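Same chain, two partners: chain A is paired with chain B first, then with chain C.
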Partner chain A sequence: MKILLRLVLVFALTPVVYAQRVNLDFPGLADKAREVVDVTLDGALLRLGSRFLSDTDADERAVRDMVDRLEGIYVRSYEFGSDGYDRSAIDAVRKQLGPTWKRVVSVKSKTRDDVEIYTDLRGDKIVGLVVIAAEPRELTLVNLVGPIDLDKLATLEGQFGIPRVSKKGDRQ
Partner chain B sequence: MIRRFGALFVLVALALPMHASFRDVVRAIETRHNQRQTTPPLLGFARFACWIIHPKGVYDFQLATFENLRGASADDFAAILSAKVGAGFRPVVRVRSTHSGEFTFIYAKPAADENRMELFIVTHDRSDTVVIRLDADMEIAAREVNMARMHDQKRLRDIGR
Partner chain C sequence: MNLEHELRAALRRKSPAPGLAERVLARAHEVPERRPVRRAPWAVAASLLLAVTLAGWGAHRRAEGERAREQVLLAMRIAGSKVAYAQQQVRGISK
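Then we have the complex of A and B:
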């Protein structure tokens, strides 16, 4: 009985290294948008979706390798009219990111979109990622859940509804 | 001769029960917009053939089209789908434009066979609304899509030379 209690205690105190899914759906945001793209791929659907990536093309093979290890891809992209949108949605995303989340990229631009990239770092492994790309009339939120190889991350641009963030020629 | 055709017709009619959730969605659209679906000719035979030969990994499909559906809105269709699409289906892609009035919803349901998937697709533009239910082997479908893309790329390379 004691052993069982100890086991229960050990499991209860062990930090669970599960990737965190971030809520990207906010009431009113999609209703106000002129254009909405909402992609939700997880579990078996993600595995099946990755099969549409070619085995022969090196770039797509890299994406496929990465996607096969992911648990979920969630994309919300909104385009608004001239009155823009309520920026509190961005704060609402940031507030969900716990202490394991670190901002790794922050780009502020007067001419292009502001981009912030956050990673959920557990030990030396990245198990989650959030991208916030905000323009006055456009907002794109991306959440990847699962182990992520930062070197291969750029290969996901343009796939599964994830927008291109880097400029042409940035990728090596 | 007539008897043979009659027997074949009955066989096809019995062999092609409408999938419950598909029927529910189509009926809900018909009721909401007071407009009947238009069915392409010989669709039942095409579906029957699909059941037998599984072309390109497609095991079954259903199709309903509506022409010039009046007053169709993405919110209405989203509500119909979430209520009627059936257990196990999950939204994968939802795209809508209030500017053009166009929208597309894709719901998916993995099957027990790990390669197979049921897709429920609704797409609407200014002139047509199409509802499709598809039961397909994604491994085969992916192979076909990738092969077509390879051919396209090769053709583009050849043109560039």
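Then we have the complex of A and C:
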């Protein structure tokens, strides 16, 4: 009985340090885009994808080390025509971020993306990440749920180009 | 009279043939011979069906895993590239 009581106390006092999932889907945004990258990976699908990453390839091993600790990966990247897109989507993402979220980087550029990076800090640990990268004709929204090392994430860019995915989901 | 005689003859007590009791007991202890059931074709068919189903499921699972792997790589490269770009800009300004 004492053991059971201790277990209950341990579970009750252990803080749940999972970051929230942020909604990145806004009506009309994908419909208006010329090209769309839409990645939603969580639970079993994320574990499955991680299992299929190579052991021998250094890039893939680095990705797996990060992904194994994550609860969810959500990416939306849109490329629009000359009339651009409704920027209220960016505010809608920001509004969802609670008091534990902090903006750690904000880059304004006249020639490239404006980038904002928000992290969900619990103690000294990052348990969630939101990236908003906005250009006049491109918008990329990223939400990673789980512990993240920003420096390691930055190294994953690698030397590969980022393939674009059409609205039908075909890689180009 | 004749009928009475015939009935008596028919109902007359007869002694069993010698050794009948032993033969009956011996038969009773014999294990009845089982008719062979032709299970082999069903077993082969069931095994084949199971093998085909498992192979199909395995192939489907592999394809699903490969798709998930590509999605993971794509997502992490997009996230990585945006974070790397932001870090470069911050480092560029602070130099």
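Going forward, the second predicted complex is superposed on the first by the 138 of 172 C-alpha atoms of A that agree within 3 Å, B and C clash if a C-alpha of one lies under 4 Å from a C-alpha of the other, contacts with A are read in each partner's own complex, and residues count from 1 in each chain.
What we mean here is this: a residue touches a chain if its C-beta (ideal position, glycine included) is under 8 Å from a C-beta of that chain, and two chains touch if they have at least 3 such contacts.
Remember, predicted model here, so these are calculated numbers, not experimental data.
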> Putting chain B and chain C on the same copy of chain A, do they fit or clash?
Replying inline: clash
>> So in the superposed three-chain picture, is A:E35 touching just chain B, just chain C, both, or none of them (first/second/both/neither)?
In response: first
> Is A:R51 touching the first partner chain B, the second partner chain C, both, or neither of them?
Replying inline: both
> If you stack the two complexes on chain A, which partner ends up touching A:V115: first (chain B), second (chain C), both, or neither?
Replying inline: second
> Comparing chain C with chain B, which touches more residues belonging to chain A?
Replying inline: C
> For A:L129, is the partner it touches chain B (first), chain C (second), both, or none of the two (neither)?
Replying inline: second
> Clash with chain C: which of chain B's stretches 58-66, 76-84 or 148-156?
Replying inline: 58-66
> Do chain B and chain C land on any of the same chain A residues, and which?
Replying inline: 37, 39, 41, 45, 48-49, 51-52
> Which part of chain A faces chain C closely enough to touch in the complex?
Replying inline: 37, 39, 41, 45-46, 48-53, 60, 63, 66-67, 73-75, 77, 105, 107, 109, 112-113, 115, 117, 129, 131, 133, 140, 142, 144, 150-151, 153-158, 160, 162-163, 165, 171
> How about chain C: which of its residues touch chain A in the complex?
Replying inline: 61, 64-87, 89-90
> Which chain A residues qualify as touching chain B in the complex?
Replying inline: 33-41, 43-45, 48-49, 51-52, 54-56, 161
> Which part of chain B faces chain A closely enough to touch in the complex?
Replying inline: 90-99, 108, 110, 114-115, 117, 138-139, 141-142, 145-146, 149-150
